[in-house]
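The next part holds the structures, each set out as structure tokens.
Both of the next two complexes hold chain A, though its partner changes from chain B to chain C.
Here is the complex of A and B:
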């Protein structure tokens, strides 16, 4: 991973740097598995390997600017060295890696690990913390994602064109990727749904599921052309869905309030608390998944449309 | 020796972070700067997830594997951070595209020069 990062720093060709970003993302995902963070690994695998390099390639395609030789300034090198030395000094006080009695493990985490099974009845602690205990934070984050999607749309607004796809960014002419894509895309979509709804029991949940779902559809667009994708998914519909996801999240919160609890308190959604928690978490995760998937698609479509518009004058 | 193996992860995180910072400082191309920012960001993900790891622990999914479980809190934080990071990075790239449309280049020095002329 370090080697890849160094290579990214030194390589001048921007396209090569973006490709290296993909490798870097895959390595990060493997690292997360080693660190027991399976949910994080899922998300990073779908996002870091697919979406990030893809959006960067689109940007490069639209800008076509050569990367001039970066001048190695001694000032910034010194600054970086000083910062590194200070941080290094800071780690000397850190508890050893992997030690079970580090302060980070002694306060809130045991509470979640011990009580969440009885309180929410959901084995995946990451999901129950994300969607129930810390639902406020998650609602905020989903709103940020939504705002970023709206931001990209606003930036590209005047150029929202419906020019015919020249077939440029698609790989339509290659047979092998097309056939492999045809075989792979349906299982990927089903897998995304599985990740979505099985998030309570296994690794998964709305965030990775949304990302995987969007990646599959984006792959479809790359293989069969943008217009084909647009025939399948309606642009307007995704815009509405992006907002609907956030709305669903908020509505569940208000429902909890209306039935006598606090905002985002699922205990009161059903007759007994556990069922209520189940329903609440499921609905909230669904809202997260919908928003994430549609915002990512929106951003991809915005970039792709912009590029097409530029190529056709 | 024990010290090295105990803190190895954190040191690697620092090195990655500094590579990212160095890219941000020295590169003039805006896309390359965003790549640097991304490396910096992932270094922080690694740091958080490393803190959450317990030696010999298993993923925090109860009833599937025996305790001890790794700390689920950093996982939650980083999971959402990744998605938010991508969404905001798309916004940054969108800004770069618009800058290119307005100025015809995405080179920091050239951009500064042009703003000075006006």
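Here is the complex of A and C:
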């Protein structure tokens, strides 16, 4: 991974750099699998190897292909070295990586692992920690995803003019990808739903499910044309859904407060605490999945529309 | 008896799959040109990965894992050759000229 990172920084051809980023994402995902963090590996594989290089390639198509020669500046090199040294110095105080004495492994991790099944009743501890014990952090993550989508829309809002005479370029004339795509897209969508709702029992959850759902629709757009996708999927609806996911998450949290508990306390959502936890986790993951899928799709639509307008407008 | 046969078949499939993966990697390194490399690694990778997944099936037994393995096998058989086809098509579209005996 170190070699790949150095190669990304030093290579001049930006297209090669994007491909190397994909390789780096694949290495990260394998690394996560080796460390038994399958949920994270899942999300990294779908986002870091699929969607991010895709958006980067669109960006390259709109800008230039080769890195401009940057002037070596000793001042900035010194500044970065000082900042890096300070960061290293700051980590010296932290417990060693993976040490059994660390407070995280002595207090919080055993408590979550021991109490998760009795308190929440779902087997996948990763999901119970993500969606129930640390739901506040996940709310922050979903809001960040939403904010990123809003940021992209602020830069690239697809206007009415970009859709009129942009044509409908697609890969429809290439037989093999078209047929295989037609066969594969429905199972991929079903798989995304499986990952979404099965996140409690196996690896999965809202984040990878949203990414997989969006990538199936993006494949549809590439095979059959952007305008075709827009007829299938209403742009207004996607914008509303992106916000609706975050809203669902927050509402579930506030509902807990309305019945007397803390914010995001799922125990009060139903008559019995375990059912409440189950319902809360399900709804919260659903909100995450909806927002992630909508934001990914929005970003793709914004980039693709802009590129289309630049080429044909 | 059946278990012994299944064990032998599984071991043979896994071994053959690993050998094919090795040969595909060798081809990736040694062939002179993009098209020959993609052909070598793409075709052997599909068969090798399929054999490895098939070799894991007897170990899974009749369970939910078997269904997942079958689905993975079907997916790989569909997608891997398509990926090779799309790679080669886009390279041709981009103008990469294959190495021929005249040019080398």
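In the analysis below, the second predicted complex is superposed on the first by the 253 of 313 C-alpha atoms of A that agree within 3 Å, B and C clash if a C-alpha of one lies under 4 Å from a C-alpha of the other, contacts with A are read in each partner's own complex, and residues count from 1 in each chain.
We adopt the following convention: contacts are C-beta pairs under 8 Å (C-beta built on N, C-alpha and C of every residue); 3 or more make two chains touch, one makes a residue touch a chain.
All of these numbers come straight from a predicted model, not from anything done at the bench.
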Subject >> Touched partner set for A:250, first chain B, second chain C, both or neither >> reply: neither
**OP:** Could you tell me if A:31 is touching chain B, chain C, both of them or neither one (first, second, both, neither)?
**Re:** first
Original post:
Looking at the overlay, what does A:295 touch: chain B (first), chain C (second), both, or neither?
Top reply: first
**OP:** Using the touch definition from the top, say if A:177 reaches chain B (first), chain C (second), both or neither.
**Re:** second
**OP:** Between chain B and chain C, pick out the one touching the greater number of residues of chain A.
**Re:** B
Original post:
After lining up the shared chain so the two structures overlap, which partner does A:87 touch, if you call chain B first and chain C second: first, second, both or neither?
Top reply: first
Original post:
Just which bits of chain A does chain B share with chain C as contact spots?
Top reply: none
**OP:** Write out the stretch or stretches of chain A touching chain C in their complex.
**Re:** 174, 176-177, 180, 183-184
Subject >> In the complex with chain B, residue positions of chain A that touch it >> reply: 1-2, 5-6, 8-9, 14, 17-18, 21, 24, 28, 31-32, 35-40, 43-44, 47-48, 51-52, 55-56, 58-60, 62-63, 65, 67-68, 70-73, 76-77, 79-81, 83-84, 87-88, 91-92, 94, 96-100, 102, 104-105, 108-109, 112-113, 116-117, 123-126, 129-130, 134, 137-138, 141, 144-145, 148-149, 151-152, 155-156, 201-203, 205, 207-208, 210-211, 292, 295-296, 299, 302-303, 306
Original post:
How about chain B: which of its residues touch chain A in the complex?
Top reply: 2-3, 5-12, 14-23, 25-29, 31-32, 34-36, 38-39, 42, 45-46, 49-64, 67-76, 78-80, 82-84, 86-91, 93-98, 100, 105-107
Original post:
Which part of chain C faces chain A closely enough to touch in the complex?
Top reply: 75, 78-79, 82, 85-86, 89
